[in-house]
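What follows is a set of structures for review.
Each of the next two complexes has chain A plus one other chain: chain B in the first, chain C in the second.
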Partner chain A sequence: MAQVTFKNLQKRYGQTEVVKSFDLEIKDGEFVVLLGPSGCGKSTTLRMLAGLEEISGGEIYIGDTLVNDLHPIERNIAMVFQSYALYPHMTVRENIAFSLKIGRVDKALIEERVKYASDMLELTPLLDRKPKALSGGQRQRVAMGRAMVRTPEVFLFDEPLSNLDAKLRGQMRAEIKALHQKLGTTTIYVTHDQVEAMTLADRIVILNGGIIEQIGTPKQIFEKPNNRFVASFIGSPEMNQLSAELTSSQQIALGNQSISTKAQFSCSETHCNFGIRPSDLHLQESSVDAPTVHSLEALLNSQELLGSTYHLHCTIGDDRFVAEVATSEHLNTKEGETLRLYFDEDRMHLFDHQDKVILAQA
Partner chain B sequence: MHNKLSKSHITAYICIAFGAVIMLAPFYFMFVYATHDNSSILSVPPPMFFGDALAENFAILIERLPYFWHNLGLSFFVAIAVTIANLLLCSMAGYAFAIFEFRFKEVLFAMVMATLMLPPFLGMIPTTMIMSAIGWMNDPKALIIPAACGAMGIFLMRQYISSAIPRELVEAARMDGCSEFGIYWRVIVPLITPAVGTLGLITFIGSWNNFMQPLVVMNDMKMFTIPLALRALQGTGQVPWGAISAGAAIAVLPLLILFIITSRQLIAGLTAGAVKG
Partner chain C sequence: MPSVVANQPKPLEMKYRQGLLRKLFGAKAYKAAPYMFISPFFILFFIFGLFPMLFSIYLSFHAWDPVDGLGAMEWIGWENYTFALTDEWFHTSIYNTFWIAFASGIPQHVLAIPLAYFIHSSLTKMRNSVVGVYFVPYITSSVAIALVFTSLFSRDFGVINLVLTSIGNFSIGEFQPLAWLFPTENVDWQRPEYTKPMISFVVFWRYVGWNTVLYLAAMQTIPKDLYEAATIDGARRLQQFWYITLPMLKPMMFLAVTLTIIGNLQLFEEPFIITGGTGGLEQAGKTAAMHMYITAFTESDFGTASAISWILFMVIAGLTWINTKLLGSKD
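For the complex of A and B:
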């Protein structure tokens, strides 16, 4: 096990900068998820750490060792690929044992490690099968077994669940989590799926266009996004963003409605964006368990029943937004009617003209 | 509908049968003539069925070509050496072109492909001059080394590898600690056997049947390959057609056996690259 440090890491393809000044310290045994839309540089960062991609600038340390120019095998890391990359001509046993065989490990020890991994991953009955005779989930487990037997210092996962169906994905997510808890190996996991990131990570690193937008625990990222990108990227349905004016440090105008906040906000420009998560909007004041409750009037355009919740599609002026309310809370409001939505002041977010969050001063 | 379908089927069968007859007739008559003496072969109409002069024809063949078995052995040696060399070098080159990124990759590959545009005869004279200059005339090396690697083989291997081998597999092997040659040998080679089989067959047949290159670099009758040796029978005096046919039948036999064993794989290999996603 080891800590991993990225210092001013950069990657360029010709003139195109894919990763720009990436700085991150990952603690020993930590599970870190790199999350972002496709093309944000998350896989490239992982591949640079693995040694599969050359580094254009900066430094990567595993433990205290600078690994920039080390061959992948010298970095003592193992990687699970998106396509699993199992050797089709080898049995499950041979696949798992391959790296040990290459490393000329003693046969008895290979046998022991393969047994340990296959028992832990429930692969023992499948050891003599070829990959084509396995299901997607089983292949995924073989790929993990192959990474495990090497007892690496760092585990890398490159979108390992994206080829599985939704049900299996949930199951494998739990297995990866359990494996990490058992082995305690430092793990870096790349995905574009926010559910995977939220459920697996100790810390999430949100990437966009080759730069880090925010680093934090899943709770911090969800509740205190640094900017509009993070706010809208995490959460489903995504955070509502309405254009607003900061008329004074404690007064926000949304269309012709105004909210007087307890907290003070300061911003050089008056124009800002008001953000609130759909699940933080309520139809009854009593549902909001907070000292400072505000409300807004909105026009209900349409509504969708999703079972335990309703999605209410509303407008204030020209801005559209969604409120997610419990079915039990629903007041039989009809489309075209005006309704009042309540929210906790602590749950609202304000973003300035550069899309950065405006922090409240108590 | 059914009627129309069977009609088109019949037409297709007739066309295929006609083609088969045209393709097979020379083989059939080669075997038939191997069993007839010259006067019978040259009579009108020529013989259509097997005769009884096979042993006699063999005797003439061995008498006129005292090194016949040596020639046959040499042909085998050259064909096998050329095949092994091609399989190794073309698969390595194809692998490099398919998987690696290196400077001038596209230019180099274009140059390799451009050699296909040159008529083979154009290279014959320079090759012969080089062989002569380095003292390889009448040496099997002069047939093996220049033919050890070809653009067609490299192209076939590159196409097959880039369609059948995902890049992640190579990267996984690299992370597992394989050397670059280890990746090629332990991961790539086992996965490209269909293409290896196809290229092996094509190369073996091509080398076995090669006539022009041996003609210019082999002067000593002992060092003739089979096509050249059989051609030598037509040189002077009365041409012993029966003996030539008997020799040709023996020369063709290894190819026929090889083809019967591997035809399924040959056809599968030729089409495999095309349909793999």
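For the complex of A and C:
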């Protein structure tokens, strides 16, 4: 097991910069998720660490060793691919044992390791089948078994669950988590699925256009986004964004309404964006359990029942937004009527004209 | 109903084109049209394919010289077969066929696979031109090939002899260090012991590009991430070739080897042209297909020729069956 350090890592294809100055320190045994939209450079970063892609600039360390020029096998990593990349002509047993066979490990030891991995992943009854005769989830487990037997220092996963259906994805997510808890191996996991990121990660790294937007625990990322990109990328439904004016350090104007905040905000320009998550809006003041509660009046355009919650589509001025309220809280407001929405001051976010968060000064 | 409906656009009147065939022939003929269009193949196949095939079975049990007309056919049972099978020349021709088939066939595949792997993994921009160069012999007229090779192998003026003898005659003072391995005088390539190797070489040279293209096509369908997974599992390039490429090529090997078996056992063009249609001195270059041809068209013994063709067919079928057992797999 080992820590992994990226120092000013860069990747260029000709003129195109795909990864720009990637700095990250991953602790021994940590589970880090690289999260970001399609094409942001997640796979490229992972593949540079694996040694499958050349590094254009910067340094990667595994443990204390600089691995830039090492062959993949010398980096002592194991990787699970999105397509699983199982060897179709080999049985499950041969697939799992392949790296050991190449490494000329003793036959008896290979057998022992394969047994260990297949017991842990419940693959024992399938050992003599070819990958073709397995279900998606079973193939996924074989790919994990193949990565496990080598007892690598770092596990790499590149969107390992994106080929599975929703139910199986949930199941496998739990299995990956359990595996990590059992083995404690440093893990880097690439995905564009925020649920996977939130549930699996010790820390999430949000990437966008080759740049790190934020690094933090799932809770930090969700509750204290650094900027508008992170704020709207995480959370479903997306965080509401309303245009606002910071008329004074404690006054926020939204249309013709205004909020007097307890905390102080300062920004060079008055124009800003007011962000609040749909689930942080409530219909009754009593359901907001917080020291400072504010409210806004909004016009109800339409509402959707989703079972345990209602989605209320509202407008303030020209800005549309969504409130997600519990069915039990729901009042008999009709479309076209106004309603009042309550929220905790600590749950609102302000972003400046460069989309960076404006932090409250206690 | 809400009043918005009033503003909806009217349904459009569409004028789809009628099919050309239906317009020309009407509905009834239209149904027959596909059969009409496909009939030329079947007519030609029945006349030039199926009929001669069935007729040759019939013929193989008769003695017949076509000059005497159809009435001269005489039923003789298995005699043509027993004659062919006991004929020494037929034995020689079968021996030659197998000799050449192996000597040209095995190197074809043994070379084509690594060659394709090299082209696949190492060449990028040059790939198509290199493949093209290897493929040229396959589409070159065999007459041109024969012409080139007979002049290359000419005893007194051939380039091959020139190169070989100049190596053989290479000397340091009186001493000729390479004379034990290379000839010092012009070799007569017409001699029977050289006939089969020469034919084999030409056949090998001609088809190696074709096989390379087949294997290259198969290699391009192997997913790249298998190689990446193998790299991470610690396999170096040679090991990747051995453990990934080769097994994944099996279906194509089966096809390519089958084609080689069928092609090589029917080998005719190359030996015919290289030996000037005679089979060479001491029949050294006479293949089974040539023997059949000579029996039919030189000796006018169509019955025996038909029997030979069916014996050859059985041999090819047998070898293809063995190949299926070895390389063809169900999964």
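Going forward, the second predicted complex is superposed on the first by the 362 of 362 C-alpha atoms of A that agree within 3 Å, B and C clash if a C-alpha of one lies under 4 Å from a C-alpha of the other, contacts with A are read in each partner's own complex, and residues count from 1 in each chain.
The definition used in the following text is that contacts are C-beta pairs under 8 Å (C-beta built on N, C-alpha and C of every residue); 3 or more make two chains touch, one makes a residue touch a chain.
All of these numbers come straight from a predicted model, not from anything done at the bench.
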*Mind checking chain B and chain C on superposed chain A, clash or fit?*
clash
_Touch test for A:Ala244: chain B only (first), chain C only (second), both, or neither?_
neither
_Let me test your reading of the model: by the given contact rule, A:Leu127 touches which partner, first (chain B), second (chain C), both or neither?_
neither
*When the two structures are overlaid on chain A, which partner does A:Ser83 contact: first (chain B), second (chain C), both, or neither?*
both
*Can A:Leu341 be said to touch chain B (first), chain C (second), both, or neither?*
neither
*Determine where on chain A the residues touched by chain B overlap those touched by chain C, and list them.*
50-52, 72-73, 77-79, 81, 83, 85-89, 98-99, 102-103, 146, 150
*chain A-touching residues of chain B, taken from the complex the two chains share*: 166, 168-169, 171-178, 182, 187, 190-191
*Can you check the complex and tell me which residues of chain A touch chain C?*
50-52, 72-73, 77-79, 81, 83, 85-90, 98-99, 102-103, 130, 132, 146, 150
_For the chain A and chain B complex, residues of the former touching the latter_ = 50-52, 72-73, 77-79, 81-83, 85-89, 98-99, 102-103, 146, 150
_Applying the document's contact rule, which stretches of chain C touch chain A when the two form their complex?_
223, 225-226, 228-235, 239, 243-244, 247-248, 250, 331
